[in-house]
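Read through the structures below before going on.
What follows is a pair of complexes built around chain A, which joins chain B in one and chain C in the other.
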Partner chain A sequence: MARLTTLLPRGVSARRPRLWRGAVLACAAAYFLVPLAASVVFTVDVPGKGLSLDAYGQIFRADGFTSSLLLSLELALATIAVVLLLMVPAVVALRLGAPRLRPVVDIVCSLPLVVPPIALVAGIGTVLRWGPEHLAATPFFQTLVAIQNPAFPVVLVLAYTVMALPFVYRALDAGLRAVDVRTLTEAARSCGTSWPRALVHAVLPNLRGALLNASFLTLALVLGEFTVAQLLGFQPFAVWVVNVSGSQAQLSVAVSVLSLLITWALLLALTSFGGGTSRRAAPRRKE
Partner chain B sequence: MTDTTLAVPLAGGDGHRTRAAGATVEFRALRRAFGATVALDGLDLTVRPGELLALLGPSGCGKTTALRMLAGFEHPDSGLVLVDGEDVTGVPAHRRDTGMVFQSYSLFPHLNALDNVAFGLRMRKVGAAERRARAAELLELVGLPDHGSRYPHQLSGGQQQRIALARALALRPRVLLLDEPLSALDAKVRLTLREEIRRLQQELGITTLFVTHDQEEALSMADRVAVMRGGRLEQCATPAELYARPATAFVAEFVGTMSRIPGRVVDGGTVEVLGRRLPVDGEAPAVAGGEVDVLVRPEAVRLSHDPAGRARVVATAFLGAVTRVTVTLPGGTPVKADLPTESAAALPPGSAVAVDLPDRPVLVAPRAA
Partner chain C sequence: MTSSTTTLTGPAAAAAVPVRRHRSAGWIAVAPLLAFVALSFGAPALAMLGGAFTARDPATGATSYTTANFAASLHGAYLTALLGSVKLSAVSAGIAAVLGLLLAQAVVTSRFRALREAVLTASGVLANFGGVPLAFAFVATLGNSGVLTRQLGLARHGWDLYSFWGLTLTYLYFLIPLMVLTVTPALDGLRSQWREAAQNNGATGAQYWRHVALPVLAPSLLGGLVLLFGSAFAAYATAAAMVGSSVPLVTLQIADAISGNVLLGQENVALALSLDMVAVACLVMAVYLPLQRRSARWLD
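Presenting the complex of A and B:
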């Protein structure tokens, strides 16, 4: 702390950067808040009738609000679980066992950024429709049907996992960079811990920030994803928003504002959940 | 915590492992190559029960690799690692029963000092109360009883290595492995921690392998020092013997300071150097023309002020009670001599001196290229 304060410029010179900081902050705030405020005003200001929350009321009364939101949340949770279970061991193994494979994994994990979702969904659609008659009675076909169950479309989880790869990989990679994984696992193993347990007890707790980041990005991605879900014919929240707001201008803006608030609330919840655990482990200074 | 557990902190408890019974460790013809690099090239070494053996050698000679073989993090291409006569090469690292302190800071950043020490016990499902008590004991043992609630980033480098030592001892390992644990610390901390490690090791009677590239560290701490070079053992002996009777020229020059003075073997057992004939210690190397280097320690070289002398003082370095004087012989060969500081005052740089050696057998080595 002492070092930080001595680094800060004192007196008059401190005022100048503060002024700049204020200006930059104000610009950024205006950029984000003005359109937002305008949207809010537009939704609550009914011409001739004054202020009314009627537009928001319509949303909650509209068919499918709860079910689509729940579906999106379930999809997000499942995607986070799958992508983390897949990527954490992979990234750690990459670091410990095969650092030379790094460029390959780098490229593979960047592919989803290059391949547009529309191409992805076209591919998935083709595979799903491909079900020759003579396979109709086999478990293969039943699997194809099961993963398209509209109540919980596993196929969307699979697609979202692929789409989240680049973000999750980068977040985890950045987190691992700050941790000496080899020494930590070896220290744990010399303390009588087997390899997998060393990973869980010595490495993962030090990746909390990275895991949280990865979950964040995945959550935001799944909540806002429209193309794949729409084209495969499912109705999670983003698709529902577009469908319900189609004709009414005021309602559509209200839905946007609401979905923004919901996303914020979820991210906030995730932060406080992660922050809560990190505060428990955070340094308790004695001095 | 009762008084008895404090007085005998580690030897008790298990019962089957008592102070006197440290483990024997043997490396037999260990070989390990990383691609084209041969890290270990047939290493043979035995560590006796309860002794502190220092593995000494220049950087890259395979010390860490040897240690990691014993810890189970590395596997030999061929050869055996025996602990108490049993081959452990197939035993996974977490069942090797070795405690290790690493060169880099290796405490778990998310755990405080106490939980770091108790980590192994927690993994072994030792009850919370018992493991806290035992971790507290160990913290006391390494001299940091009040630092249990600190996190690694709140501890100095020396404190972190003490905690790491406590953590390594928590499971009462049969062998303690230390891989240059002091090399990241500053000189003063290094000295105190050196003494403390030695005291602890003797108190516990635990067989210990201590890797270092610092000869002073090795000589001052170890019961025996094993000097390695290029993946092989050069010599394994007590510090005094290593210093006084190095088996090879490499050991002689790596351990302590040596000057090389050109000389000539006149017959099998005598060498002519600085105009005198001295007996050769051990075998004289068979070289054409008998051209050799005589190896001398600075404390063995005698200098006297002599206007007719053909050697010149080029530098003096004050070391306290003694001053190290560097002179050059007529051929340009530098020779280092330690003189009492008061007599060195009479020899400022540039003065002419005569160089003499005591009448004792000397080590000779083939002439350096």
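Presenting the complex of A and C:
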């Protein structure tokens, strides 16, 4: 009896799950691949003219493409520099000398998660409007004007850095978990190096994966960011794509496909890279 | 830094100083971060808080404290938008949670490691794929002159991408992968012994899910659900690039009010609406974090 009941379900269940599994996977594949394929078809299939790659050729001749892309890249580099300069010393210090600060940094770096970008930009807009009203006679006013320079809006770097904090903190913290920072620095220090040299030459090389990880995430965030830039009236890449879509639908889809492929290549590189570090980090959850 | 180490003299100083130095060095390393957040995040947050509670008389320019902005943000078109956002986020998060669970289960029980790796990597990529490109991909596929719309004549059947369900279908594109990422670790934590034990006691597959698997999974399922809700609720770029304002959403209303598209002088109502959103996001976090901690218990 016992043998019958154990044999029967197994014989049945071995066949059935494979069917539903196949169906689920097929549906998922269709849902996720069709929009991509359709976008490509949309860009190369000109109604009445047949196949052509014109839309992709137009991208590079389009007005504003180069300047907006360059602006986005510059913003991304500046954001990466600022966020790493702020976060790396902080997370290393949390490991080394100030574990009691961890709750503070935890909270500070999670705060941006509860303020959606649109709420953040509403607040930033309010602060920027103070300028002409209250600060016109003070040097602060010049600062407020300077950070809104359309050629390189520093205010966007500030906003993007805030938005990147949670991701960067998590990436760096996961990377540090796999490294015994204390032993490394103590070894370096007892060999006679100074503190800054110990950090730069002993700790940072071990964090290369986490640093790359954080940089990639920030890059993807800044390149795709639309909300803050549009509402503050600047025109980096994502805003340009939307502005151009009104007149040239095909061009905007072509740019989307292209930017998507680039972003995916970046994120794929990151996940295959980051997957390795997080797996190694997993068994060493001590703190 | 170097000078302070060379000036140390005597054993007492050498023993006492490093401890204190460590501590102060920790503060020094964290201070720039705190200062930066206070400036770039604290100032806008305070401005939002202050602005949401003040009203300004257009004639005299005098400001006064009031809750009128909140009252306005919970009335009329603004209330419709807030409820529209909640409805859209709840529906798309619910659907995405179910479909994501199915997909994750299909992948986890699969014997092919390569398939699992591929789906998880793709999910990591797709979960980060919101915003403008997503909107245009769906416009090109299912919009008024989209490829599928033309090929299948969907317009004749009443299909409209720029509607509630069109937006839901689009949001699922980044919500399902997010769910797969959230729930896969929990599914991995379901031990095969539990299923075997249930089977040996005569339980059917449905009974196993009802009494064993779902209770274990419940915290991570709920946690995933609120996480999806939160990210659908905060989404703006996709909706703005796709539907304009044909679907009432709180993010679109805030954007309109900030840029003065509809009425001038609505900035403070926009701030009140933003604060409403922050309140919802805080609620989401308050539910999500304890659930996440609870579900982590089963994974070790």
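Going forward, the second predicted complex is superposed on the first by the 218 of 287 C-alpha atoms of A that agree within 3 Å, B and C clash if a C-alpha of one lies under 4 Å from a C-alpha of the other, contacts with A are read in each partner's own complex, and residues count from 1 in each chain.
The rule is simple: contacts are C-beta pairs under 8 Å (C-beta built on N, C-alpha and C of every residue); 3 or more make two chains touch, one makes a residue touch a chain.
From a predicted model like this one, the values you see are computed outputs, not experimental measurements.
A.B. asks: Looking at A:Ala220 after the superposition, I want to know if it touches chain B, chain C, both of them or none. Which is it: first, second, both, neither?
C.D. replies: After superposition on chain A, A:Ala220 lies in contact with chain C alone.
A.B. asks: Please name the chain, chain B or chain C, that touches the greater number of residues in chain A.
C.D. replies: C
A.B. asks: So, A:Arg21: does it touch chain B (first), chain C (second), both, or neither?
C.D. replies: A:Arg21 contacts chain C only, not chain B.
A.B. asks: Tell me which partner A:Gln230 touches in the superposition: chain B (first), chain C (second), both or neither.
C.D. replies: Touch status of A:Gln230: second partner only.
A.B. asks: A:Asp180 in the overlay: touching chain B, chain C, both, or neither? Say first, second, both or neither.
C.D. replies: The answer is first: A:Asp180 touches chain B but not chain C.
A.B. asks: Figure out whether A:Leu144 sits in contact with chain B (first) or chain C (second), or with both, or with neither.
C.D. replies: Once the two structures are laid over each other on A, A:Leu144 reaches no partner at all.
A.B. asks: Where does A:Ala188 make contact in the superposed view: on chain B (first), on chain C (second), on both, or on neither?
C.D. replies: first
A.B. asks: Is A:Asn206 contacted by the first partner chain B, the second partner chain C, both or neither?
C.D. replies: First partner only, chain B.
A.B. asks: Touch test for A:Ser259: chain B only (first), chain C only (second), both, or neither?
C.D. replies: Only chain C; A:Ser259 stays clear of chain B.
A.B. asks: I'd like to check the shared interface: which positions of chain A are touched by both chain B and chain C across the two complexes?
C.D. replies: In chain A, positions 194-195 sit in both the chain B and chain C interfaces.
A.B. asks: Within the complex, which stretch of chain C touches chain A?
C.D. replies: Answer in residue numbers: 1-2, 5, 22-23, 25-30, 32-34, 36-37, 39-41, 43-48, 51, 99, 102-103, 106-107, 109-110, 115, 119, 121-122, 124-126, 128-133, 136-142, 145-148, 172-173, 176, 199-200, 202, 205, 233-234, 236-237, 240-241, 251, 254-255, 258-259, 267, 270-271, 274-275, 277-278, 281-282, 284-285.
A.B. asks: Please give the residue numbers of chain A that touch chain C in the complex, ascending.
C.D. replies: It is residues 5-6, 9, 13, 17, 20-21, 24-25, 28, 31-32, 34-36, 38-39, 41-43, 45, 82, 85-87, 89-90, 92-94, 96-98, 101, 104-105, 108, 110-127, 129-130, 158-159, 161-162, 165, 194-196, 220, 224-227, 230-231, 238, 241-242, 245, 249, 252-253, 256-257, 259-260, 263-264, 267-268, 271-272, 275 of chain A that touch chain C.
A.B. asks: Along chain B, where are the residues that touch chain A in the complex?
C.D. replies: 71-73, 92-96, 98-100, 102, 104, 106-111, 119-120, 123-124, 149-151, 153-154, 164, 167-168, 170-171, 177
A.B. asks: Which residues of chain A touch chain B in their complex?
C.D. replies: Going through chain A, the ones touching chain B are 179-180, 183-184, 186-195, 197-198, 201-202, 205-206, 208, 281, 283-286.
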